[in-house]
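The letters A, B, C and D name the chains in turn, as written, and every chain counts its residues from 1.
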Amino acid sequence: MRREIPIAICFLVGISFILEYFIPHEDVLSIFETIRQWAIIVIAFAYVLGIANLVRINSHVIQRKGRDWPYKIILVVSLFFMITVGIIFDIFGIRLGGIGEGTIFGWVYFHAQYPLQATMFSLLAFFIASAAFRAFRIRTFQASLLAVTAILVMIGRVPVGESLWADFPDFIEWIMNVPQLAGKRAIMIGAALGAISTALKVLTGLERTYLGGE
Amino acid sequence: MRKILEKLESLDRRIIFIFIGLSIAIPLLFPVYTDFSVTAPVEGFYDAIEELSPGSKVLVSCDYDPGSMPELFPMNVAVFHHLFSRGHKIIVMQLWATGTLLAERAMNEVLQEFPDKRYGEDYVNLGFKEGREVVMVSMGTSIPKTFPTDAQGTKLEEIPLMQGVTNFDDITILMNISGGLPGTKEWVLQVQSRYGVKLGSGCTAVSAPEFYPYVQSGQLVGLLGGMKGAAEYEKLVQRPGTAQRGMDAQSVSHIVVFLFILIGNIAYFSVKGKKKRLKVSR
Amino acid sequence: MPIISSAELQIQSNNEFFPSNTNVKSNPFFKVLFLFLCFLLIDSPLSFAAEDLSESWFNPNRLNMLIFLILFFAVIIYFIQRAKKGKSLFIRRIAGLDAIEEAVGRATEMGRPVLFVPGIEDVNQIQTVAAMIILGNVAKMVADYDTPLFVPICRPFVVPVAEERVKEGYAAAGRPDAYNRDNVRYISDEQFAYAAGVQGIMLRDRPMANLMFGSFFAESLMLAETGFLTGAIQVAGTANIHQLPFFVVACDYTIIGEELFATSAYLSKEPKLLGSLKGSDLAKAIIIGILALGAILETLGITQFTRWFFIE
Amino acid sequence: MWETIGIWLGAFLTLCIFSFLYKDNPFYKLAEHLFVGISAGYWATLEYHNVFRPNLWDPLTREGRLLLIVPFVFGLMLFSRFTKRFSWLSRWPMALIIGIYAGITIVGYGSGDLILQIRANLLPLYTDHWLTSLNNILLTVGVITGLIYFFFSKEHKGALGAGAKIGIWFLMISFGASFGYTVMSRMSLLIGRVYFLLGTWLHLLE
């Protein structure tokens, strides 16, 4: 029972989402519509579960005084701070509560979360430059194809390339639209077949790692 | 010479970091504004909006967050500007939770240029909805059921702009600003190919090459790829923004990366020659 | 007259559907393909007339999708069932496996450690599963030589699985005593912290072979760069296409996209992996046929074939 | 006033993250943990305002749509993971979510990435214009040989081997293009931050 019911749910829901594609009948659509409205809610719960899990794991670390535990306190406190100003303040009608620009929530977003995340990703600019200098080695014919295309695209895609050669952008468009597109499309078709066969195995219960251990 | 090359081989990466930092800071401080032309995918995106009859209802899904803001925020602002300047109605939504305030800010920025635009009549923000592809498919049968209220909690029935909007049939075109997953790929697979909606995409440069097949197949009407795409589009809508401002820095940093690859390889091959290689090849 | 005699069947049993005999006429696969393509030459019934379908039970314009899904599902289930019954399904050996072997061989010759990085996604992700299968195989290779095998891990749940695989690998090589628990370590959940940790291992322990298989994101180039600088032989593989360029330029050999899954199916011989790989292969062969035939027909100005591939 | 404080805070946090370039240090760790905490809190808050209230709570309590109890209970069942005894209950809602995505994947990829992409590649090899003909030939050859590279049921020998070899060339060109575009993406992100530091914070840009 503990395995059969989930597999049955998975199968029925999955099949209904496939059938929906082929059956345009109004009555059927409205049933599927209801399932989808439910799905949105359950998926939202799944994200909350993830956040609850984050709190749980980090509280454990704090309790055990595990590695980096003072930082974990900051993590948990900032998480609850956002929920407090975003939800609790809003419910009790406290000034500057709720979400949107002009609230505490919005202020923290624009002055903390935004710079943090944007900077985190901008580190990659440094890493890619360093990798280009120290590890980008053209050692084979295949690597040279990659390198030549990469360099052409890098230079041809920016204004300086165009001032070097007026037709550079058109040439890059050709590379993007013909040889690179062919490669991408081959990968895409292969990946689509893989994704569909994996999904089919999940639906039919052949693949059930999502159920976890007993 | 050999000594210099050997030194280069073992150069501290922090020196490389300083180089790349400067290659971006200096052009930003002293811009020369190199001119550039507009490429076909960007033109396709622009034309798709130009061709709409005034007053069309356009759905703009802003699916990105601060991690890709320098590329996508300028597009977002330019799209709103373009749509308003052509007299279209904008329905905004988001599938990324951590980007909702960015779309709001983009709208507020554009509203300063169009003070007569009224919320609920000319534009509406449906807000964020969880569920990724499920939300997309669900909107195909009923937008009001998927989004019972807008971002502020007003019921959709009470919003004039949303009168008569049931599903994608009532949307003229969908413009997606895409930072990753869920984004343009999912909109193409779940909505464009299923409901036949016209779809345009503004995406990060990382995912742009992956979307070229969709432009060729006609699944996308146009594509803005990365900051360069945004700059070209800003040029077309004649609203210079941060993307155009960044183009010089983009040029210089690309040249620096190119030189890095070049010098790195010269150093490598002249110092070590061809070192140990695997026998296996493809 | 049977299509293939029983004697031939026996010879070809390890290579069914794509037999090595080049006689196209007597090959069942080509017959199926031929019939299928002939079928598609019938004028497409897809009309796309704007009619109201809200009362009908089937959308005729999606007939092509229905045919495709039924065929593809049938093929995959068929191959999985065959594999389950113990019929051997042929998959070619991926050259990447030789690369792994050679890299591990070099490391053992020099008495230097081997590093295996299984990506940064959780244990239920298909790429991590594939990485674990390859890990078991690598463990088997190093066991004989007392070469340390380091496995730094990003997600806690991957740790027990990786430990199990390494232990099994050592046992299969007859050296269960060589297994050292401390070498399979959890580093950090945080992407960059994990990358920094692995870079630390590369610089401190100087592994001679860096094997990176699984799901990688932005950390790929940080790892490949550091590994390159330490002079290690690097073999990498991921299905995250966006990370492949970095591996291709900084590694000695790269396993590309689906090859990763083919490698794991080849090594594990697990029916569900083999079955879906064979099913996809058959579909690919059909698609290649469609693309070739379609191009010829389009060149000749015959467009009805293409009309089968419209979706409303 | 608050705006100025905010900009200084943003600049401080930006520099905290950049300090990682020198080496891992407490400032970076602080910023990193702050980021994880804030964005998780942000996410939870949005779920409440944009999903739970409009899609579940309000229709359930105000409009009496009692059927919504089903997804509510399913959602709560997810949390049984935190207990040892009832954790199996969380498989039901998990199965629901997995089933939905499986169904959606099949339909989406089947139509958008297979049928429509195949159609887009059924091209005449000879046309009025030489460039179009060349492009169509390259596309046809490229996609077919690319697929051959990912074909595992036969040894790559003879014609098949040659096909696979050509296929890998197309793949490499495609990776090269991705590399170039990735450089563009990463540099844009840094431009954004430098713009903030030099412009918004230090007012050095006009």
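Keep this in mind: a contact is a pair of C-beta atoms (placed from the backbone, for glycine too) under 8 Å apart; a residue touches a chain by one contact, two chains touch by 3 or more.
This structure is a prediction, so every number in the text was calculated from the model and none was measured.
Of all the chains, the one whose CA centre sits at the greatest distance from that of chain D is C.
Annotation: A-B is the more contact-rich of the chain pairs A-B and C-D, by number of C-beta pairs in contact.
For this pair, chain A with chain B, the centres built from the Cα atoms lie 15 Å apart.
Our note on geometry: chain C versus chain D, Cα centroid distance of 21 Å, whole angstroms. For the pair chain B and chain C, the distance between mean C-alpha positions equals 32 Å.
The geometric centre of chain A is 4 Å away from that of chain D, both derived from CA atoms.
Annotation for chain C: residues 65, 69, 192, 241-242, 245-246, 248-249, 257-258, 284, 287, 311 touch two or more other chains.
With touch defined as above, residues shared between interfaces to two or more other chains in chain B number as follows: 17, 20-21, 24, 67-70, 98, 100, 129-130, 134, 137, 151, 193-194, 206, 209-210, 213, 216, 228, 250, 253-254, 257, 277, 281-282.
Residue positions 17-18, 21, 37, 39-40, 43-44, 47, 99, 109-110, 113-118, 120-121, 123-128, 130, 132, 134-138, 142-143, 146-147, 150-151, 154, 157-158, 176-177, 180-181, 184-185, 187-191, 193, 196, 200, 210, 212 of chain A each touch two or more of the other chains. Partner chain C is touched in their complex by these residues of chain A: 18, 21-26, 28, 120, 123-124, 127-128, 130-131, 134-138, 142-143, 146-147, 150, 187, 189-191, 193-194, 196-198, 200-201, 204, 206-207, 209-210, 212.
Of all residues in chain A, those touching chain D in their complex are 2-3, 5-7, 9-18, 21, 34, 37-49, 51-52, 54, 56, 68, 71-72, 74-83, 86-87, 90, 98-99, 105, 107-128, 132, 142-143, 145-154, 157-158, 174-193, 195-196, 199-200, 202-203, 210-212. The residues of chain D lying in touch with chain B in their complex are 21-22, 39, 42-43, 46-47, 49-51, 53-55, 58-59, 100-101, 104, 107-109, 111-113, 116-117, 119-120, 165, 168, 174, 177-178, 181-185, 187-195, 198-199, 204-205. The touching residues of chain B, counted against chain A in their complex, run 11, 13, 16-17, 19-21, 24, 34-37, 39-41, 65-70, 98, 100-102, 104-105, 108, 129-132, 134-135, 137-138, 141-142, 145-146, 151, 194, 209-210, 212-213, 215-216, 228, 247-248, 250-258, 260-261, 263-265, 268, 274, 277, 281-282. Listing the residues of chain D that touch chain C in their complex gives 20, 24, 32, 36, 106-107, 110-111, 114-116, 118-119, 121-126, 136, 140, 143-144, 147-156, 171-172, 175-176, 178-179, 182.
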